[in-house]
């Protein structure tokens, strides 16, 4: 059953060297604090999964923690490329990483299949697209009724998924609202799930019947980390720190600047700093 | 683009003899008024689809409108069997009907595949189950990654779907809340969709971001029919008329009683009577 | 309080006792619904009840007449679409216990709710399987409740709506099914569990006052009995009060509405 | 008001004009987002804008920096999960127009946003396809916007991130794709449409003041031009004001936040 604990303990108990891990979030609710804790704890040889790997994945790759990246779009949203990832792919710095590259449709379907307990997903995709030729995990299935050839990809089933959500209640149920992305699927597809939340409330009595709620028995660990999505945002709590995304482009463009920034803002920091980082970004309630 | 019109016109313009039609609803929000209008207009040779065909399907079968039934559970919920359907299957009265029978999982996946534009759905199902032997539309697909054999069923793609919803707004968007069943999928899988609603409101400004909303361009026709789900219910408007479900068991048990009841309550009635039928069932707001 | 009780009440309470606080339970209507809610209102307050209409973690104050009553949604932790219910929650392997009833049951826990007689020319057309085929294969284990009759508990069922242990032994494994299947049968007369080898349902406990002869008289197969058959513990005052209060609230609520 | 305008503004406004009130438009970031919202704020108030983050029917007052900004959700008719977005809405064939940008584009509308150089040893690792492979095949038709450069508009792209018209002609049909594919290319210099036979992009309209020579100088393939090439209608005052106001609101909002 779900544990309420510190982020430090949750990462220590749920993420291990060599794991396959997803830190999911689709622009909204990206679990930055959790990824930073994983960096601080120095995990190695990770296979990291995300549809839209962005800053935290650039950081983990730059810190040499990543063996393999499974993804569909690796960019700094609205800004440009991921410079640490480029350095790893183009120059093997700090080390070589393996890529398993898909389209968004494939990744979304693969998470959905993982949540649904299926071994694979089928969809109409990759027609004429080059990824089929460079990714052995893109295969085909023939519809037994129409003969149409459909694309197939293996289900995504992480050892552990980290997400950030707006709220948990005291029983351990988790609420995600707004742009919900693929987080429900990422949690249900995983063996273990760690959720950082903006706040823990008494109950969800005022929550909409059909809102995206993860029952407590689908979650391994809940950690209250206000601001834990920064510089991403938490709808209803604080807005996106667009300036931080623009800044990252400069920070990540130089290996030494990157290293110094990571030392100061991640290695020497802790989950509590996130509350300060959103001080000027809070939404009017 | 969506039309606001009378239920009479909506049925006349969207349901034709020989059509494949779904009147969907999962206990909640069953489109009784729409089915009664279809009965009044005397449609013939219909292939009718529903996961849980209940009273209205018993009525349409008893009136001889149905050529084929595609379904997964045909019962009077909480009461027992469907006696008009039994009479048709066991005694070919008033005529023979063809059955295509599935499990709930298969039907839910088939609607989902229809909404997703796929020709078929795959799932882990029918293991050791007898329906595989009597339904040629239950086939197999082999996972190209694990070799696991999965069940496959064709997507459900009705010519027209009828549903009942709580609200439309003046633009024509539709809101379904509470037990949402498979209605969104049934609408998106269909060529045409007719929605009866309890009321038409100015806007959905106060509706939850992640509520089940069908944008106006997915709906063909909207008809304001208060009480249109009776004796099923509309969450937030009126409760289920359990007594009517119990009564139906007696009405449907005799061909003449059935015929007389249909004449009085359907053929000689109109959509406006539904508002009266829920008068004592309204929920306190 | 009078601690006399009906066979039906004993059945419901014995079924309730089989559920634990950590169970995620897929609930049908009728006896299973009553049993699950008695468990929730007595020894298993944190049990999660899921109805196939999409309601997850419901805590109804009255029993629903259908699997989609508004009360289920009003008290649920969340309500999801039916496709999601069958994909993420049932097929996803999240459910520990599935409750099934049966029109016909054989001694290996195979269930028929489809037809009596031939499929194409049935003498009685039953409702069909609904969720049962995949409930039977996807839930961690299956509990079955039914009132004993010779018509219901038969040597050979007319149609395999859902698969139990097939012809017995490791039939499930042979089909690639990884879940336990029927692990408990609770009737109005007895508690039955599958033999570890043959998987045939075997009486492990007789309800108070019930003889093995009476069990055999109402069962269409030759009844086997475990060596150390016990007597089912009588309903406690709390169990009986809880069940009767629930039924009384339910009757009051459902008789209120009229067309 | 000064009706001078930049090539970028002309590109955005020409793209906006290609959209109609009934379109269901799958929007990317950058130029497409501006074009779609200018259309919405001028001649196509009822256009439906969908962003792949799950927001359907958005009407942002400022342009989002990412495809998942909160403004998109706040103004949307509904916000769905990303799997639903790609299954029901994109693959379901609900989208009439998909907008794509390109790092490399060839004359048949094939797009590369994956790598420059060899896939396994790229000289530049680009972000990858994201939604593009299925946007290109599932939307009714595809509009492409990009600034002309010889590095961007090339004879042969390094990687087929998304399929346009392949090697031309009926290449889409041969692959079983039933949608129209790239039907419009709008650059900062011209409007291009595919030749009906070859499917090669052909200049149909030059933006005011632009010569065909200048188009060729910034394009890596041999430019073809329709017989009756026109001059793109200059931005109207309404169009230009709408775009500039939108940009000003956007700049003000985005510069406000700081870490």
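Order of writing sets the labels: A, B, C and D. Residues in every chain begin at 1.
Here, contacts are C-beta pairs under 8 Å (C-beta built on N, C-alpha and C of every residue); 3 or more make two chains touch, one makes a residue touch a chain.
Note that the coordinates shown come from a computational prediction; the quantities given were computed from them, not determined experimentally.
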Original post:
If you average the Cα atoms of chain A and of chain B to get two centres, how far apart are those centres in Å?
Top reply: 39
**OP:** Would you mind pulling out the distance in Å between where the CA atoms of chain B average out and where those of chain C do?
**Re:** 28
Original post:
At which residue positions does chain A touch at least two other chains?
Top reply: 112, 116-118, 123-124, 148, 178, 180, 184-185, 209-212, 235
**OP:** Send over the residues of chain C in touch with two or more other chains.
**Re:** 73, 79-80, 87, 91, 138
**OP:** Indicate which of the five shapes (line, ring, star, complete, other) describes how the chains touch one another.
**Re:** other
**OP:** Provide the full list of chain pairs in touch.
**Re:** A-B, A-C, A-D, B-C, B-D
**OP:** Report the residues of chain B in contact with chain C in the complex, numbered from low to high.
**Re:** 26-28, 51-52, 71-75, 77-79, 81-82, 85-86, 89-90, 101, 103-105, 108-109, 111-112, 123-131, 134, 148-149, 178-182, 184-185, 212, 231, 233, 235, 239-245, 247, 277, 280-281
Original post:
How about chain A: which of its residues touch chain C in the complex?
Top reply: 1, 112, 115-118, 173, 184-185, 188, 204, 209-213, 215, 217-218
**OP:** Under the touch definition given earlier, write down the residues of chain B that touch chain A in their complex.
**Re:** 116-120, 122-124, 137, 139-146, 148, 150, 152, 154, 177-178, 180, 208-212, 235
Original post:
In their complex, what parts of chain C are in touch with chain B?
Top reply: 29, 52-55, 64-70, 72-73, 79-83, 85-87, 90-91, 114, 119-120, 122-134, 136-138, 159-163, 166, 171-172, 175-177, 254-255, 257-259
**OP:** Could you pull out which chain D residues touch chain B in their complex?
**Re:** 22, 24, 48, 56-57, 73-74, 76-80, 87-88, 91-94, 138
